[in-house]
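Here come two complexes built around chain A, the first alongside chain B, the second alongside chain C.
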Partner chain A sequence: MNGHLAAGDWDDRYHHIDQILNNPGPRTDPSFMAGDEVKDFLRNKCKVLVIGAGGLGCEILANLALSGFKDIHVIDMDTIDISNLNRQFLFRPKDVGKPKALVAAEFIMNRVPGVKVTPYYGKIQDKDDAYYMQFTLVVCGLDSVEARRWINATLVNLVDPDLPESLKPLIDGGTEGFKGQARVILPTVSSCYECSLEMLNKPTAFPICTIANTPRLPEHCIEWASVLEWPRVHTDKKLDTDDPEHIGWLFSVASARAKEFNIEGVTWSLTQGVVKNIIPAIASTNAIIAASCCNEAFKIATSSAAFLNNYFMLIGTEGVYSYTFEHEKRKDCPVCGGESLDLKINKEWTVDRLIELLVEKQDIQIKKPSLSTPTKQIYFQAPPQLEEATRPNLEKKVSELVDEGGEVTVTASSLPFNLSLRISYI
Partner chain B sequence: MSVTESQDIEQATSAMHSAPDNKTRRYDRQLRLWAASGQAALESSRILVLSASATSTSILKNLVLPGIGHFTLLDDEQVKPSDAGNNFFLDGFSSIGKNRAQEALPLLKELNDSVDGEAVTKSVKELLSTDEGKKWIKGFSLVIAHNLKKGELEQLSNLLWEDLNDPPLIVVRSAGFLADFYIQFHEQCIIEPHSDTAPSLRITKPFPALQKWADETDFSKLDPTEHAHVPFVIILIKAADHWRKEHNGDLPKTYDEKKQFKAYVRSLQTKIDEENFEEAEAQAVRIWGAAETPVPSEVKALFSLPSLTSPNQTDSNEAFHALLQTLKKFVEDPEGPGRLPLTSTLPDMKTDTESYVKLQKLYREWSGVESARFKTLLQQTYPTLEIDPAMVDSFIKNVHHIRLLRGRKYGTWETNVDSVKETLSYMGKEVGTHLVLNALEELLSKDEEVTSEKVIEHVKSFLGPDVELPEEVEAAAGEVARAPTADLPNTAAFLGGMIAQESIKIITKQYVPVNGYCVVDLIDSWTGNIGAP
Partner chain C sequence: MIKIWSMKKNEDAAAKKKPKTSAAQIRVQKDLTELELPSTMKTFFPDPADLLNFKLTIEPDEGMYKGGSFTFSFAINSNYPHEPPKVKCIPKIYHPNVDLEGNYLFLEPNADDPLNKEAAEEMRKSREQFLYNVKTSMRGGSIKGVQYDKVAVA
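Now for the complex of A and B:
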């Protein structure tokens, strides 16, 4: 039992968890401080950051609060939508439209006494290194690849070899339908998010000529409506996929095209699914993955048992299949590797073609990259004057600008790191 | 998202031709997985959960959110201070001393207004002691029990094994970081399966209209645009015909022949950018691979499956078995195609709109012909059977991927100690953890102190003296001795997700549930399956 009770606590409150914290198990590291010391650290000293208060985030917040973490911060930039309510269990119909971080924090504090949840309604990019430095660890439940890459790179950059507490374990979860994964990233020590970029599913992309000339599927008609027709008709209005009127317009335009080509199956739901790239999501998968993430957070914070090394993958469509493995660090990882990435390209390729490759290549995926060599600027996306000045280079061959074996540095405003390429020609 | 999947969604939601209503919007992200049919099944389900532990309420949370019809939470105990500390669906300190089920009920119900629920403050023991109680238990669509006492669990699993139509029982056990669960069911049909693989396109045995198209296609007479848009199905049918002519009517068999066949397909390409020929070469594997087998082995295995019978009752899967037997007849009928009924959905392929739509129409028409043939056979074979026409259509549509699982009574696996021992030799941690949880259940039911030594002693006495225990058994035994009654929040949440997931699969019959034990270790973070029939 906990010797001195903190505010809001009652005797035997942590009876279940204390069975773990009072004694080591056969697989517990000798550094484990069983008893009051570990409880004091967990309940009074540990400070965790939860990124995302959505499907995974709601679950993560509840699990952390019950596990005994009492100082929790949460960041989320979204507001609550009705389609969240089938799984984001801290929200009710009356909350639709309110910021997720605020509603979730309040709910947790009401339900689990003595837990302080500090919400921030905004972007992770709004916060600086000093902010991230205050946490013991970070648990991530995001649906955006971009945001994950940002926080991953930020936490890797934060590591100061002379300052052990600058290493913030990052626990990341993700789900899609009945599938999901949880992983533990020790920045600079183990494989990072960027190291495993190539494991991501490739989003379905329909060739523009199919959309324009030979549509066969309802999806092709929907893409035609959103990619080609919307910008042609609404020259001054950006497509807002959250606006039902916009979806309605796309739906009717896609339906008309489908009718013209005798294609069946354009529906409102499919239209929305295609243009918003909707990923199916259910409470149960989120519960499994969030629990796995929080279980790792608990084990890391307490040392009460060994933690995941370093990747847990789950597929629940046929029985329960899971695979636990160690994802290897990539030596040429632009975030944690230190070595340049070797890239072989055709001697005839233009800079424009190279940029296309950087956007598409599975292990790179950099949107709007800017390129330079140690001595010259090749192409810059911004500021406008620099873009204009470097634009003529887009048509030039890379081989005219970079020697065989030459280095090209790739940057993008969305990513807090540089990618270094070593170019060779075929 | 694959093409077949997107078409399923499209069909399931084809009623939605205008902006969706609030219910559809609320369930949008799950309807994309199990469609309106799965949702309807969920909404008509009634689930009984025994005990209002943290694990139990976590399971229910994940079933109330997607919208089951009704749940009953049964618990006769009062909320202890420790329950108030580890269960999110109790109102903290203020719940202490009140009934567990009653306290959890409103907090679960508020998750979804369209779900009905009740708290019953009886004990499992009390229920099982009367005929009325037993009958009541059998009235649910699914029963879930968490950490039930050994004796009660045995009684319950016996009770729910009596009749073929008894509800499935999910047995969940957990202690600290370790857990396992088992789904007891007689039979589980997966009637609307989801699969990423396109069913047979009849490339090796085309139906008449398809063969006609292939025969009438003369590559040399096509203009370049037409040539670049011949669907791969037609290219492969022609290539196969050509090959048969030169090889005594056989298709490619050896590695070399397959290579030659592909080279031949490629040789038909006249221009470098003809993607349809590239696609045909890539799809050539269909000809000798599993894709075009007349009857996939999983489906064939179901033909010889004896129907489950028991005196004085009808099997709730009777209709499904009638469909299976009709399918067998359909396949064996010398007048028929000698394979499963043709699919009506076509995967996307590199071709022009006109050809694709035409091809789609041909498949749909011929699939209609075979579907009618199937229905005639069904009527002839089972003239008195009343069967929902929608079920017949759904069966024919999904026939290429249907599955049927036969289950066993809870605990059957352990009655064959030799089989357990053999599995232990190559799945040490999974079997070891399961046996350790068995030993824990035994010790707790006798109110004995749980020590690592006692647990191991139990495991040894079960396996017999000559078995050498793998080291994982000791690791697991030490863990349960450390936390014999700990219902940890994260383990509870993990199981809450897992068990809800399996429940949804059982109810919707669209995905495949676990058969056998699923063992979970949240220290090394793995799950494993053992004891499948």
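Now for the complex of A and C:
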């Protein structure tokens, strides 16, 4: 350990990495503990979570293991498909059908001695706060907006100001064809994933009039088959994009329409790609983004150099263009923005009385607030039906609706952000 | 070891611990309670506890569909607002830009982007006949073999 050889290590194993870790440079941060201390932290204390063991995940796992991280956990809910094998290099034909997390973990452990990779085959949502609390940092190679929003919100909520270790840096990589991005999110400190949600392109949707009347692309024919024809013909059956029979039906219907309009290029795989919203994955884009993510993970874990602040984007569609900028926190971000208040109120107070207090409070200046708990509405100002449905709650005691320490979300048109109250009773 | 652990915290950091209310939920609450609908539109929640599924009824007070009552279903998912709500016109109506399954384009009839080609053709050919067909369909009549839902308010 430390400067000495650990089990499974050989002389000069980390020669190249140690060039960076042995000595401080003129611009390294004063907190950088060059030498044994930082190496001990990186190799024996630091625990990293990798979310996703797909295109980005395979690259990330290999990079982390080879840069000296030794305690790595990986979560993935998918199994290996034959189409993954061209770029997800931890998998072989014999692995098709097996869980990605398990196979990836085993491969890394066999290939890089001394590294422990703990897999979990399942959803990130299966795990609780205590699970996420054990990690030093989290690196994400995900392909869904929904999963990113979930892990982002979870890590923001995990931050306890009295517990510095509860702040888990989130390094998020993403690729789409030749484009990609890598970003560093310090939950509650810097701009979070939700802050930048508006930047995302909405999921591709073709205008329904084009689909219905003037198809020009094979995609238009496929959309016609899936959006208009499927529900018309199969009134009760929901389209299952994983069912080859369903895809086959769409393919034949789309092909017939393409023929009618003299459009070429409707294929089985394009049909599947369009309905499942698949964007071709490019191995080299994944490699660049994963490298950037792991570089950041290394710098954050060791303090050996300044880390990314905070958004790196790569556009490889025409030449290679990249740009780095600081994405700013959004004041009205529903995850990391807004205001939060601890409120101590009398056990006997009604909801009406609480609203009165909020309206009177000089420092927040709320007009017409709507209130809810994470699971139910307390009082809504509008629409009329909901106002009526929640009006009886005005007379009820807050303590009947909200537990001690419970959260109440307050929104109001006069508030450009949302306010969350933590209620305790006297 | 990690520098960010000793980073200066926001002055109000102590109050920053957030509830488990999801971002989508907060957005829906904010958007719904601040929605200012004209008097011709009304929302209806079949289950008032479920904010994600509701209906919107429009009763136009002008134009050729005046006198009708048109209900649209809205389904919001947990990825709101990244994914828009799914909206459908519930009654089967005679309208050039609404197909018979309730997919729609515009509410102002426009013959150039038809979803109901018969209706668009009629509108282009004879405005009078089209208007007559609209009225017939709104009473629940049929046009060219298609029976439409009655949307006229008595």
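Following the convention adopted for this analysis, the second predicted complex is superposed on the first by the 306 of 426 C-alpha atoms of A that agree within 3 Å, B and C clash if a C-alpha of one lies under 4 Å from a C-alpha of the other, contacts with A are read in each partner's own complex, and residues count from 1 in each chain.
Note that a contact is a pair of C-beta atoms (placed from the backbone, for glycine too) under 8 Å apart; a residue touches a chain by one contact, two chains touch by 3 or more.
Note that the structure is predicted; figures quoted are calculated from it, not measured.
In the superposition on chain A, contact is made by A:169 with chain C only, not with chain B.
Residue contacts after overlaying the shared chain place A:208 against chain C, while chain B stays out of touching range.
Applying the stated contact rule after C-alpha superposition, one finds that A:233 touches neither chain B nor chain C. Contacts of A:357 after superposition on the shared chain: neither chain B nor chain C is touched. When the two structures are aligned on the shared chain, A:341 is found in touch with chain C, with no touch to chain B.
Of the two partner chains placed by the overlay, only chain C lies in contact with A:376; chain B stays clear of it. In the superposition on chain A, contact of A:188 is made with chain C only, not with chain B. In the superposition on chain A, contact is made by A:178 with chain B only, not with chain C. Residue overlap on chain A between the chain B contacts of one complex and the chain C contacts of the other covers 213. Here chain C touches chain A in the complex through residues 1-7, 9-10, 12-27, 29-30, 32-35, 37, 42-45, 48-49, 51, 78-79, 81-84, 97, 99-101, 103-105, 113-115, 117, going by the rule given at the top. The part of chain A that touches chain C in the complex is made up of residues 29, 31, 33, 37-38, 41, 45, 136, 145-146, 149, 153, 156-157, 159-162, 164-165, 167, 169, 186, 188-189, 194, 197, 200, 202-203, 207-209, 212-213, 227-228, 231-232, 300-303, 334-336, 338-342, 370, 372-374, 376-377, 380-386, 389-390, 407-409, 411, 413, 418, 420, 422. The touching residues of chain A, counted against chain B in their complex, run 10-17, 19-20, 23-27, 59, 62-63, 66-67, 82-83, 85-87, 89, 92-93, 111-113, 177-178, 182, 204, 213-219, 244, 247-248, 261-263, 265-270, 272-273, 278-292, 294-296, 298-299, 305-306, 308, 312, 314, 316-320, 322, 324.
Interface residues of chain B facing chain A in the complex, by the touch rule stated above, are 1, 3, 6-7, 9-11, 13-14, 16-20, 22, 24-33, 54, 58, 61-62, 65-67, 80-82, 84-86, 88, 91-93, 96, 110-113, 176-177, 194, 229, 348-349, 351-353, 356-357, 452, 474-475, 477-479, 482-494, 496-498, 500-502, 504, 511-515, 518, 522-527, 529.
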